[in-house]
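As written, the chains take the letters A, B, C and D, and residue 1 is the first residue of each chain.
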Amino acid sequence: MTVLFGQLFTGVSIGAVLLLVALGLALTFGQMNVINMAHGEFIMAGAYTTYVLQQTITSAGWSLLVALPVAFAVAGALGVLLEVLLIRRLYARPLDTLLVTWGVSLMLQQAARDIFGSPNVQTRAPALLTGNVALPGGITVANNRLFILGLAVAAVVALTLALRLTPLGRRIRAVVQNRDLAAVSGIATARVDRTTFFVGSGLAGVAGVALTLLGPIGPTMGTNLIIDAFLVVVVGGIGQLKGSVIVAFALGVLQATGEYLTTLSVAKVIVFVAIVAFLQWRPQGLFTLRTRSLA
Amino acid sequence: MTTVTGPATAADEPAAPAPPPPARRAGGRARAALGFAAGAALLFGAAPLVLSDFRLALLAKYLCVAMVAVGIGIAWGRGGMLTLGQGVFFGLGGYAMAMHLKLADAGPGALPDFMQLYGQLDELPWWWRPFASPWFALPATVLLPMVVAFGLGSLVFRRRVRGAYFAILSQALAAAMVILLVGQQGTTGGTNGLTDIQGFFGYDLDDPVNQRTVYFLIAAALLGLLALARQLIHSRYGELLVAVRDGEERVRFLGYDPATVKVVAYVVAAGMAGLAGALFVPAVGIISPALIGIVPSIEFVIGVAVGGRATLLGPVLGAVAVAWARTALSERFPGTWTYLQGLLFVLVVAFLPGGLASLWALRRTRRATPDRPPWWRRVPPARGGRTRTEVPAA
Amino acid sequence: MSLFRGRRILAGTMAFVVAAALAACGSKTSDSTSGTGVSADVSGDTVKVGLLNSLSGTMAISEVTVRDSIMLAVEEINAAGGVLGKKIVPVGEDGASDWPTFAEKAEKLISEDRVAAVFGCWTSASRKAVKPVFEKNKALLFYPVQYEGLEQSPYIFYTGATTNQQIVPGLDYLKAQGKKSVYLVGSDYVFPRTANKIIKAYAKANGMTVLGEDYAPLGSTEFGTIVNKVKSAKADAVFNTLNGDSNVAFFKEYTSAGLNATSMPVVSVSIAEEEVKGIGTQYLKDQLTAWNYYQTTPGGANAKFVAAYKAKYGADKPTSDPMEAAYVAVYLWKEMVTKAGSFDVEKVRAAAGGITYEAPEGLVTVDGPTQHIAKTARIGKVGADGLITEVWNSGQPIKPDPYLKSYPWATGLS
Amino acid sequence: MTDAQNDGLRVRGLRVSFDGFTAVDGVDLDVPAGDLRFLIGPNGAGKTTLVDAVTGLVRATGSVRFGDRELLGRDVHRIARLGVGRTFQTAAVFEELTVAQNLDIAAGAGRSWWTLARRRRRLPDEVVAALDTIGLADRADHLAGTLAHGQKQWLEIGMLLVSDARLLLLDEPVAGMSHDERDATGALLETVSRDRTVVVIEHDMDFLRRFARTVTVLHAGRVLSEGTVAQVQADPRVQEVYLGHPVDAPTEA
């Protein structure tokens, strides 16, 4: 029973990490149809931001809190730079964005190596986040996992509200649903694209801060996560956040269950097979935005 | 548009004489034959004369990559399917060949060395057994990848999973395949892969003369694949494939099942990658998961993009050029090579999507059709997945 | 005139058919020597050696430090007059964390650069990839990393620990500490799987129980499930053969789950000083490692090595076991050449047995038959300053036994 | 050619909804063989969705019979093989292929793999004929992407001709065409409808008055009126829908 709950929580927290990483992609890939392979390197940028901040802000807790908005801005700025320099020319060629941004990700990784060195760097976690909460029945829940779960939920809520309620959000949705109509309605679509990309990339930065609590901080830290995150968005369905949310948690729990019952390797393969099978059933993902000519 | 040559209106439509065949058709075949002869002279004559044994072995390796590139050129360049998991098929071909050669090295009834070391197996696993026979293993190097591609392609394309979805899925396939192989260390060699392959059908691979012959085999196979690819591209199927790339739904409304068309191209590309993998093994003496994962799979694509994805020769020249540049540059500037590789990808794909071949094609088409719009106003010739009339599946 | 040469076992195969067809294209057949080694170029007043490490890709993190310490040794030897009066010229190549590239570069170093010896490789996979190249060309490789044993190539010298110099002492230590049960965690590749087989055989013979065995795919950074299992297994200790980035994620998860060196100590065999820096002492404090060398290892030879390394590469750069083993490799080669009085590979091999050297890790001796070296095993504890201090050592150098032939419980393992 | 008598389109109770919105709401429609029917109606009336349903692009309930075959529930490409062809609002030709190649592909849905694997030795007769019919014989070897807008539309119609479609569903074929091009297109449609059934979605009322044989007016997913041009123009309900301006409706796509 303890183990069962422990595994369930592990699954949910794997899902939370997936969700944090995939949320930005749900914007840039889901809403703009850009396959940004450099998203993983934006995560890396967020993690290194935490590291750099810790050099000046000695309190682990404060530096983490400060790192959240700063990493959002840093990764977002990188995203805008990428959008302006390259992606803007490629909106009609989504597959080519994949290749171009893969090239960008290579360069960013090497840049990180040149700046910070090849070996991993360390950040300190605040004491509060290295402990755990003991629940009745001998169950313990790690604080850092709870923090990330909370952060993921907060990010989803904030993004959903922003898309629903703010003028910017309405403009983003308008552009997603009908770019031409939005343009003739006086929406500066280019600026909306840039803002969407800023937010999507910024979320990667936030994910990077969170990941410093869990894993290595090094030049290649983003590459491991990126494929899984893309699968989340693909299976979740383009154009809506709720699909990604559900799928992230579902895949997390499936992965954790598979890991427990078999091995980590086999669990990965099981997840892949499940995804292919799922796409047989719903090739457009869990939720689809129905429009007549979905580009 | 002032001078409208409208459709023939009235009943004056007896069968008009067939339009003159395209001018380039006549010279096309002769030029192709000439090209092949030149290629053969280069690969069989000049290269072995000029290059040292070591450099020739390197060239053999590059040519294997080029074979994969020919297949990607068909699937991606002509068919619009960006396959980021071609390493899987390369690996299937390579492992099939390596399994046979390992068994042959071990001798009848004996276990390959690594199985004794890491697997502690007493007998050969059942799925290794058929590979003892060359009559099974050799066809399997090509057929096994094709069967897997057929299975996956049928599932995926029939359900209209395409474009970016397909690209990501194919990439995940590569990742899954690596994990699977690495996890079964006792029977697959794990991360080490299958190494230390000594003999090739009874011939000692350490002998430089035999290494050279392996090079000739590879060169011949590449020329063969090029001939096959040329036939495919110029066939009616080749035209249909381009049509599917540029307007999958439109093709469907003409009564074709685009899924079938795509599966065929995907399967052909997989077979080519399989053959390349199979020949890579005697040339390099190793096949390992490191050759089939996400990164090598995407690196296969670089060469194709650089050379020109939609052309016949572009992918081959691009693949060889990129592989060569990698060797040459990483010897001197390892860090710089990473930057350069990234930059190459960015510049070519973003600003020259037709690859280097489009520079060449530009010269030719400008001579051939003077009324074409200048290249900077034209839609890039090779588009990815987005089709002109993409309509949601019900 | 056949294109293939050599013994023919399977005539009439497809390959032969194609080869016959190709014969028409015309080619030179026998003009080069068959299979014999390419002798090193020692004609001038210099001698070339090859440095084969990954400078790019996933393994660059570790291998760059090995390259650095090899360079240090080369410079020191040159400053002291070189080898047999010849200056060493290092020729560096990037293995790019890709095994066939290692094989390709090894071939280049041997046949194009004609080096006298090659120093490098880290992963077992890269060593397995280059092994046939060195054997074919009868050239020398010095391999400086602890590994899974079960190998003995006449053209490779192994200056890192084999299993009986690292894994087995680690287990001896746990046994001496009264640990009755262990949980095995490792990355999914050759070294951990082989190590764990040895551990299981050892446990069986020594009354220890193995409560579980889990593998994470290489590069995996998600350890929720494994730590869950480890925690609920309530083992006395964990034996950790994880590699690289996975260690960071594992220890962060481990600490968050409330486990530490007191409640359940972890013995790691792939965490050296450099890795400690990347994980953070917050997560590693007092955890155990098994190696043959630490930066803190006492002795004048080590003080000199550490000082020289830091002077050359920076005061914040730690030294570690593989770096030391690589450094030692260059000196051992020099001793062998000097004793042989020649750079000739066969003469060097013949001279190798019994050579001793006062290394930073203590006295090491080359074992002629296995071409491994006798080393002292040292168990260390991670301190708050990020350095590892020794808590136990084997007292004297342990004779290498790559196939564990002298251990009765290990029969059937190899 | 099959007997044209059997090639009428018969739609009964057709209903299409997207996520609760009913785009086509119980349409009954009969287009007899050889008709040149115009389908008009304000934006959102369900014209294109009706065509989508007939050609299998969207799922629908009810019944659509072409000749003696039920179309609903079949795959798009199977419906196409039964002789139902369509065009799209935006010209959808294969721009990287030549005009002749476009037509050749359209003509070849039933080809065997053996035929497909070989080169085209010469153009099939029907392709040659169609090139002539659509007036693009002299551009046969030009890339379709280089054609003018109107020519692309003709090429599309030509592709339906060679594919042996006996029911042609054309979605705004003259949108964006010059006056001369419209005339030529109209004449082409008249020629085509001699031995085939043609349904045209069109907003251009001038074009409609000149070429329509019969007209069906859709409104809010239902059939509002049906008959000859004169009959429909006289229908008060149609006038009401078009804001009191019976024919020159201010509609633009």
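Rule of thumb we're sticking to: contacts are C-beta pairs under 8 Å (C-beta built on N, C-alpha and C of every residue); 3 or more make two chains touch, one makes a residue touch a chain.
If you want to know which protein each chain is, UniProt gives these names: A, B = Urea ABC transporter membrane protein; C = Urea ABC transporter substrate-binding protein; D = Urea ABC transporter ATP-binding protein.
Please read these numbers as outputs of a predicted model, since none were measured by experiment.
Asks: Kindly work out which chain lies most centrally, taking the average of its C-alpha atoms as its position.
Replies: B
Asks: Based on mean C-alpha positions, I'd like to know which chain lies farthest from chain A.
Replies: Centre of mass proxy via C-alpha means gives D as farthest from chain A.
Asks: Averaging over Cα atoms per chain, report the distance between chain A and chain B in Å.
Replies: Each chain reduced to its C-alpha mean, chain A and chain B end up 32 Å apart.
Asks: So the centre of each chain is just the mean of its C-alpha atoms; given that, what is the distance between chain A and chain D in Å?
Replies: 45
Asks: Hey, how far is the Cα centre of chain C from the one of chain D, in Å?
Replies: 72
Asks: Centre to centre, by mean C-alpha position, how many angstrom separate chain A and chain C?
Replies: Here the centre of chain C sits 37 Å away from the centre of chain A.
Asks: Which chain D residues touch at least two other chains?
Replies: There are none in chain D.
Asks: For chain C, which residues are shared contacts with two or more other chains?
Replies: Within chain C, the residues that touch at least two other chains are 188, 215, 217.
Asks: Enumerate the residues of chain A that touch no fewer than two other chains.
Replies: Correct list: 113, 263, 265, 268, 290, 292.
Asks: Which of the residues in chain B come into contact with chain D in the complex?
Replies: Touching chain D from chain B are residues 1, 4-11, 13, 15-16, 18-19, 21-22, 231-232, 234-237, 239-240, 242-243, 246-247, 249-258, 369, 371-373, 378-379, 381, 388-389, 391, 394.
Asks: What residues of chain D sit close enough to touch chain B in their complex?
Replies: 52, 55, 57-59, 75-77, 80-81, 85-86, 88, 90, 92-98, 100-102, 104-106, 108-111, 113, 115-120, 122-123, 125, 128-129, 131-135, 137-138, 140-143, 145-146, 148, 150, 154, 159, 163, 178, 180-181, 183-185, 187-188, 191
Asks: What does chain A use to touch chain B in their complex?
Replies: Going by the criterion above, the answer is residues 29, 33, 35, 86, 89-90, 92-96, 98-100, 102-107, 109-110, 113-114, 227, 230-231, 234, 263, 265-266, 268-269, 272-273, 275-276, 279-280, 283-284, 288, 290-295.
Asks: For a test of understanding, state which residues of chain A touch chain C in their complex under the given definition.
Replies: 2-3, 6-7, 10-11, 13-14, 17, 113, 118-125, 129-132, 140, 142-145, 213-218, 220-221, 224, 255-256, 259-260, 263-265, 268
Asks: Using the touch definition up top, name the residues of chain B that touch chain A in the complex.
Replies: 80, 82, 84, 152, 155-156, 159-161, 163-165, 167-169, 171-173, 175-176, 179-180, 182-183, 294, 298, 301, 305, 335, 338-339, 341-346, 349-351, 353, 380, 383-386, 389-393
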